[in-house]
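Below: a set of structures, written as C-alpha cells.
Here come two complexes built around subunit A, the first alongside subunit B, the second alongside subunit C.
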Partner chain A sequence: MAEVGYFSIILALVLSLYGIVAFIIGIRKKNLVLVESAKGATLAVAFLSSVACLILVYFLMSGDFSIKYVYDYTSSDLSAFYRFSAWWAGNAGSLLLWLFLLAWYSVVVAYSRKGKLMAPYATGILLFNSAFFLFVLAFIANPFERVSGWFPGAIVSAGAGMNPMLQNPGMVIHPVTTYLGYVGFAIPFAYAMTALITKNAGDDWIKITRRWTIVAWLFLSLGNLFGAQWAYMELGWGGYWGWDPVENASFLPWLTGTAFLHSVMIQERKDMLKVWNVTLITTTYVLTLFGTFLVRSGILTSVHAFGDNSLGRYFLVFTAAMLAGALILIVERSNFLTQGRSFEAFLSKESSFLMNNLVLVGLAFAVFLGTTFPLISEAVRGVKVSVGAPFFNTVAAPLGLVLFLLMGICPLIAWRKATGKNLRDNFMLPAVLAVVVILILALSGIRKPYALLGFGIAAFNVSAILREVIQGTRVRHKLAGESYPMALIKLLMRNRRRHGGYIIHLGMVLMLISIIGSNTYDLDITKSLKLGETIEIGSYKLSYDNLAEKDLSNSRVAVYADLSVYDRVSGRVLGGVEPQKVFYPTTDEPATEVGLRSTLKEDLYVVLADWQKDGTATFKIYVNPLVSWLWIGGYVLIFGTIIALWPGRGNQTGARYLNRKSDVVQDDGEGVA
Partner chain B sequence: MRKTNLKITIGILVIVAAIFYLIFAGFSNANAAYYLHVGEAIDSKVDPGKYYRIEGKIDVTKATFDGKSNPVVLEFEIYDEKSPDKKLKVIYNDIKPDNFAEATGAVVEGRLNPDGTFHADKLSLKCPSKYEQADEAQQEGVVTKFLKSLGLKK
Partner chain C sequence: MKETRRLSVILVLLALLFLPITALGSEEWQTRPIPSEVESGVICVLDGCMMNLAACQTSAGEKLRGIIREKMFKEGLNKDQTYAYLVAVYGDKVLAAPPKKGFNWVVWLGPFVATIGGGAFIYLGLEKWVGVSLRDEEEEADPLEPDAARRLDEELKKYL
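And then the complex of A and B:
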C-alpha cells in the first residue's frame, strides 16, 4: 500500500508536468482539446494527491509503524484525534497537506466559469507549483518511506510518539488554516501573472480573485491567531508572540496580503496602482514560500524544529525562480499597466489607502530585516548578529498605532478629495470621543504614552464606525419608515462588503486593545512555596494547597498542584487553578500544562516549574490583562468575513460608483441606501 | 494637480523616512547580539559591555536550580564540543525550560559578569534530533525482535 501511495505521487508528478505542457501548447495553438485534456490532468492530480493522503491517513490511524513517518510521529497510545493530525505533524506529511489543498484549489480554478479565458493560464501556473511539491515529495521528503532496516514480513510494533507540545487542539488547526492562507494567496498571484501574460490591463483578475483573496486572508489571520494561542497555552512562557523567526514567517505574508486586499479596492474603483498591486501579490506569494523555507531549512534557530537542509535548498531555488519570473513579467509588461486616474488630493480615500499600504509594507520590510539579520550580517561581516524582541517592538508599536489610526480614517474619508465639511462630519465626534477616553484613562492612572494613544485610537475607530452605522440606520428609518432594528439589518445587508469590512475592523480593534493591555500591564512573579503558603500578585491571592500525581488518558501521568484563588482585597474565593507537568510514555521531558483562570478582564496564568520531595514547589505566575479579547477579536473577524463574502445583491462595489465614464463625484452609498 | 502630487510625494517620503528611522532606533535598543561559540568566546576577549548570544554543549546533570532564592537561580556550564575544558558558567534567573532534561546544547543570550560568569537573559535549548533517537531505538527493536523470534534472545 505504501508503494501505491508513492506511485500516486510519481504519477501525479508526471501528469502535472503533462498538464503544464498541454496548457502551454493548447493556448498557443488555440487547441481546445489539449486545454480540456490539461484540465483533466489537473483533476487527476487532485485525485491522486487525495489517494496519497488517504493512504497516509490509513497508515496513521491503523498504526503501521513500518512506515517511518508513522513511526516518527505516532505511538500506539496516541488518541485517534492526534493520530489523524499526525498527518501534518512532520515535514513530509505537511507538504502532502499543502499539495492536497493546492491541487483541489487548482481544480476549482481550472473549471471556474468566471474568467474562462484566464483559467488555463492560471491553472498552468498553479500546476507548476504542484509539480514542485510533488517533486519534493517524491524525491526528498517521501511520506511513505519505510523504517530503515525493514524488510517485508518484519513487524515494527511501537512508535516514537508525537511530541507532547503538538498534542493540543490549537496545533491541529494552526497548520491547516495557515496552509489554506498560503495556498489561497497563490490563486490571485496566478491570475495576476495571467493578466500580465495576456496583456490584460483591466481589473478582471481582481474581480475574479476577490473572494479568493478575502478567504485566504481570513485563513492566514486565523493561522497566525491559532499559532499565538498554541504558543500561549503550550510553551508556558506567559506570552503569545515572541517575534520568533517562524512566527514572523507567517506574519510577513499577512502584512503584505492585508496591504494587497486594500489596494486592489483602489484599482477596482479608480483604475490606479496597477503595477503596485501586481508587485504586492507577487511579494505576498513569494513570502509564503520563503516563510516555509525559513521554517524547514533549519537556517534560523527557533522553536519550530523541522530542519532539513537539502529541502531548504530546493525551496530557496524554487522561490527565487518564481520571484525572478514574476519580476521579469512585471517589468516587461509595465507599460501596459497605465493607470486611469491619478491622485487628486492629499486628503482623500485614495491617498489614505496608499498610506495604509506604505505602513503595512514598511512594517513587513522591518520585520523581514530583523528576521533575516543573522543571515545578512553573516554574509556581509562574517559575524552572526541577531536581534530580539526589543527591535521588533520598537518598530512595530508606532507603526501599528499609525496603522490603526488610518484604519479609522480610511473607510470614512471621501473619494478623490475630502472637503472640510466631510472631515468635520465624519471625524469630529470620533476625535472628540478619543480625546475624552484618553483623559478618562489618564485620570484613572494609566500614564504610559503608547497605551494612552493606543486606547484613544481604538476609541476613535469604534466611534467612527458606530457613528456611520447609526446615522445610516436613522436615515433608513426616516426615509423608508422601517423600525430601527429592521433598518439596521437592512443597512448591513444592503452593502455587505462595506459592513463586513467594518465588522472585521472592529475585530482588529479588539485585538489592538488586547495587545496594548497584555503588553503594557502584564505582571509576573517566580517563587518557591511550601505547602500551605500564599502569594499575592495583581488583584489575586493564591494559596498553594496540594501537590499530587494522577493518571491521565493514553498512558500519561501528571504531577499537579492545586492552588486556590482569592480576591486579594476582599478575600472572596474566586476559584482554583491546577498547573501540571505531564509525563508522556514516549519522552523523558514532561510537558507544561498551564493552570489558567481566564476572564474578560485578564488571565491568571500559573506554571508549575519544579518541586521537591517535601512538597515545596516553584511557581511562575503571570497576570496578563485583556488576553481574552485577542481570541474574541478572532471570532469577530470570522463573522465579519462571512458577511463580507455573502453572495447575492448588496455585494457590489459601493452602491452607485460603477460607472467610470462619469466624472461626477458620486456618493458611494455613505449612509443612504 | 502638481501641487497634489508634490504633497503626496512628500507624504510618502515622510512615511518612508519614519520607517527607516524606526528601524535604526530599533537596532540601537535591540540588544543586537553577537553570535559566538563558547570556544570562540573564551579565546577572544569577550567584551563585558556587549550583548552576546553564545552557543555550547551542556551537561544537564551538573546543573543546579535554587527555587528558594529570590530571584530563582539556574546555574550550569556550557562547554566547547571540541575542547571541553573551554567552558563558561552561566547564571539564569528563571525556571528550567520544559526540554531541559533532554538538552544536549544551549544558546544563552546576555552579558558577561565582572567575575567571568555569564548572566543570561534568555535561554534556548537544543535537543538531539528526533531522527537520531528514533533510529537507535528502532534498530534495536527490529534486531531484537528477530533474535527473539529465533529463540536466541530473551
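And then the complex of A and C:
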C-alpha cells in the first residue's frame, strides 16, 4: 500500500505540471477545453493528495512500523488521538498536510463562480505551489519510505515514539491552524499576481479574495494563540511567548497580513496604494514560505523546529524564486497600477491607516531583523550572537504601544478629511478616560511607565469603541423606536465589517492588558521544600503535602507532587495543584506538566523542577497576572472575525470616497469600516 | 625551623577542621536558586541547546546553572561580572540579547531608523498627494457653497 501512496504523489506531480502547462496554453489560445482539462487536473491532484494522506493515516493508526515515518513519530503505546496527529508531527507528514490543504483550496479557486476570468491564472499559480510540495514529497521527504538498514529489533516493533512535547492537545491543533493560515495567504497572492499578469488595475482581486484573506488571518491568529497556549502549558517556564525563531516565523506573516487587511480598505475606497497592496501580500506570502524554511532548515535552533534537514535549501530556492518572480512582475506592471485618487488632507482615516501600516511593517522588520541577525552577524563579523526575548521586548514594546494607540484612533477618524471638531467629538472622552485611568493606576502604586502607558492606551481603545457603539445604539433607539438590546443587535448586524472589526480590536485590547499584566507584574520563586513545609508567594500560601508516583496510560509514569493552596492572609483553602514530571518509555527527558490554578485575576503556575529520595522537592512557582485575558481576548477576536465574515446584507464594502467634480460617490453597500 | 613546622601543622589542622564547614557551605550555594532576571538574560549554549536558560529544563541547563551558581554564590560575582565571565568563556552568543556595541547597533537601532525613515517617506508622499488634491480642487472649483459643504459633511459623518 505504501507504493500506492507514493505513486499517488508521483502521479499528482505529473498532473500538476500538466495542469500548469494546460492553463498557460489554454489561456493563451483561449482554448476552453484545455482550461477545463487543467481544472480537472487540479481536482485530480487534490484527489490523489487525499489518497496519499489517507494511506499515511492508515499506516499511522495501524502502527505499521515498517514505514519509516510511522516508526519515527509513533510507538505502539501511543494513543489513537496522537497517532492521528503524528500526521503532522514530522517533516514529510506535515508537508503532505500542507499539500492536502493547498490542493483543496486550489480546487475551490478553480471552480469558483467569482472572478471566472482570473481563476485559471490563480489556479495555475497555486498548482505551481502544489508542484513544488509534490516534488519535495516525491524526492526529498517521502512519507512512505520504508525502514531500512539496521535497527534494534525491540525498537522496530515499538516505534521510536512521538516527542513528548508534541503530546499535548494544543500542539495537535496549533500546526493545523497555522498551516490553514499559511496556505490561505497563497490565494490572495495568486490573485494579486493574476491581476498583474492580466494588467487588471482594479480592485477585483481584492474583492474576490477578501474572505480568503480574513480566513487565513483568522487561522494564523488561532495558530499563534494555540502555540502560545501550548508553550505555556508544556514548556514549563511560566511564559507563553519566548520570541523563539519559529514563533517569530508565524508572527511575521501575521503582522504583514494585518497591515494588508487594513491597507486594502484604502484601495477599495480611494483606488490608491495598489503597488503597496500587491507588495504587502507578496511579502506575507513569502514570509509564510520563509517561516517554513526556518522550521525545516535547522538554520536557527528552536524548540519547535523539525531539526536539521536538507529540505531547507529547497525551500530557500523556492522562496527566492517566488519572491524574484513577484518582484519582477510588480516592477514591470507598476505603470498599470497608477493611483486613481489622492489624499485630501494630512489628517484623515486613510493617512492614519498609512501610519498603522508603517508601524505594523516596522514591527515586522524588527522581528525579521532580530530573527535573522545571528546569521547576519556571523556572516559579516564571524561572531555568533543570540537575539532573544530581552531584545524583542525592548524593541517591540514601544512600537506595539504606538500600534495600539493607532488602533484606537483609526476607526474613529473621518475618511477624506478630519476636522478639529471631528477630533474633539470623537477623542475627547476616550482621551480624558485614558488620562483618568493612568492617574488612578499611578495613585494605586503602579509606577512602571510602559504599564501605565499601556493600560491608558487600552482604556482609550475600549472607551472609543464603546462610545461609538453606545452612540449608534442610542441613535437607532431614538430614530427607529427599537429597544436598546434590539438597537444594539441591529447596529452590529447592519455593518458587520465595521463592527466585526471593533470586536476584533476589543479582543486585541484584552490581549494587550494581559500581556502588560503578565510581563510586568509577574512573581516567581524557586525553592526546595521538605514534606509538610510551606511557601508564600503573592497572595498565596502553598503547603507541600505529598510526593508520589503513578502509572499513566500508554506505559507512561508520572512523578507528581500535591500542594494545597491557601489564601495567604485569611488562611482560607483555595484548592490544590499537582505539578508532574511525566516519563515516556521512548525518551530520556521527562515532560513537564504544570500545576495550574487559573482565575481571571491571575494564574498560580507551579512546576515540579526536581526531587530527592527523602521527599525534598524543588518547585518553581510563578504568579502570572491576567493571563486568562489573553485567551479570552483570542476568543473575542475569533468572534469578531466571524461577525466580519458573515455573508449577506451588511457585509458589503462601503462607499468610495472620490474628490473630483466628475466623480460620483458610489455606495455599493452600507459598510464604512 | 621548628617553629615554622609547628605553624604548618597547626595550619593544616585548622584547614582540616574547617573543611566540613566549607563543604556544608558549598552544598548551600549549589542549590540556591538563581534570580530569574539573571537566568532570562542567558542562553543555554551547552550541548547545542540554545534555549533561554529560564526556559531550559534539560541537563545542559542544569550544568550551566551550576556554573552561574559557582560564580555568583561561591565567588561572589554580581550579575554583570557573571555575564562577563560567561561571555569570556562562551562568546557573545551566551547572552540573550546582543551587547549594545559596534555592529550590533544595526539590530538595536535598525527597526527604529527604518520606521522613522518610513514615516518621513509617508510624510513626503502625503505632502505630494495632498498638494495634488488641493490643486485639483482649485482647478475644479467646488460647486458647493460652504454651508452646503458643511451640511454634506455632517450627513456623511452619519455613515462613518
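In this text, the second predicted complex is superposed on the first by the 643 of 673 C-alpha atoms of A that agree within 3 Å, B and C clash if a C-alpha of one lies under 4 Å from a C-alpha of the other, contacts with A are read in each partner's own complex, and residues count from 1 in each chain.
As a convention for this text, a residue touches a chain if its C-beta (ideal position, glycine included) is under 8 Å from a C-beta of that chain, and two chains touch if they have at least 3 such contacts.
All figures in this text were calculated on a predicted structure; none of them were measured in a lab.
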Subunit B and subunit C placed together on subunit A: clash or fit? clash
Kindly classify A:422 by the partners it touches after superposition: subunit B alone (first), subunit C alone (second), both, or neither?
second
Q) Is A:526 in contact with subunit B, with subunit C, with both, or with neither (first, second, both, neither)? A) both
Using the superposition on chain A described above, determine whether A:414 touches subunit B (first), subunit C (second), both, or neither.
second
Exercise. Once the shared chain is lined up, is A:589 touching subunit B (first), subunit C (second), both, or neither of them?
Worked result: both
In the overlaid three-chain picture, which partner chain does A:3 touch, first (subunit B) or second (subunit C), both, or neither? neither
Could you say whether A:346 touches subunit B, subunit C, both of them, or neither, answering first, second, both or neither? both
Quick one: is A:380 in contact with subunit B, with subunit C, with both, or with neither? Answer first, second, both or neither. second
Query = Of the two partner chains, subunit B (first) and subunit C (second), which one does A:536 touch, if any: first, second, both, or neither?
reply = neither
After lining up the shared chain so the two structures overlap, which partner does A:358 touch, if you call subunit B first and subunit C second: first, second, both or neither? both
Among 8-16, 80-88 or 134-142, subunit C is struck only by the subunit B stretch 8-16
Both subunit B and subunit C touch subunit A at residues 235-236, 301, 342-346, 351, 354-355, 358-359, 362-363, 365-366, 369-370, 373-374, 383-388, 390-391, 394-395, 399, 526-528, 589, 592, 609, 618
Subunit A residues touching subunit C in their complex are 235-239, 242, 301, 303, 341-346, 351, 354-355, 358-359, 361-363, 365-366, 369-370, 373-374, 376-377, 380-381, 383-391, 394-395, 399, 414-415, 419, 422, 524-528, 589, 592, 609, 618, 654-655, 659-662, 670, 672
Listed in rising order, the residues of subunit B that touch subunit A in the complex are 1, 4-5, 7-8, 11-12, 15-16, 18-19, 22-23, 25-27, 29-35, 53, 65, 67-68, 70-72, 94-96, 98-102, 107, 109, 122, 124, 126, 129-131, 133-135, 137-139, 141-143, 145-146
Residue positions on subunit A within touch of subunit B in the complex are 71-72, 147-150, 154-158, 160, 163, 165, 235-236, 301, 305, 307, 342-346, 351, 354-355, 358-359, 362-363, 365-366, 369-370, 373-374, 383-388, 390-392, 394-395, 398-399, 526-528, 587-592, 607, 609-610, 612, 616-618, 620
Subunit C residues touching subunit A in their complex are 31, 33-34, 36, 40-41, 43, 48-52, 54-59, 91-98, 103-104, 106-108, 110-112, 114-115, 118-119, 122, 126, 129-130, 132-133, 136-137, 140, 142-143, 153, 156-157, 159-160
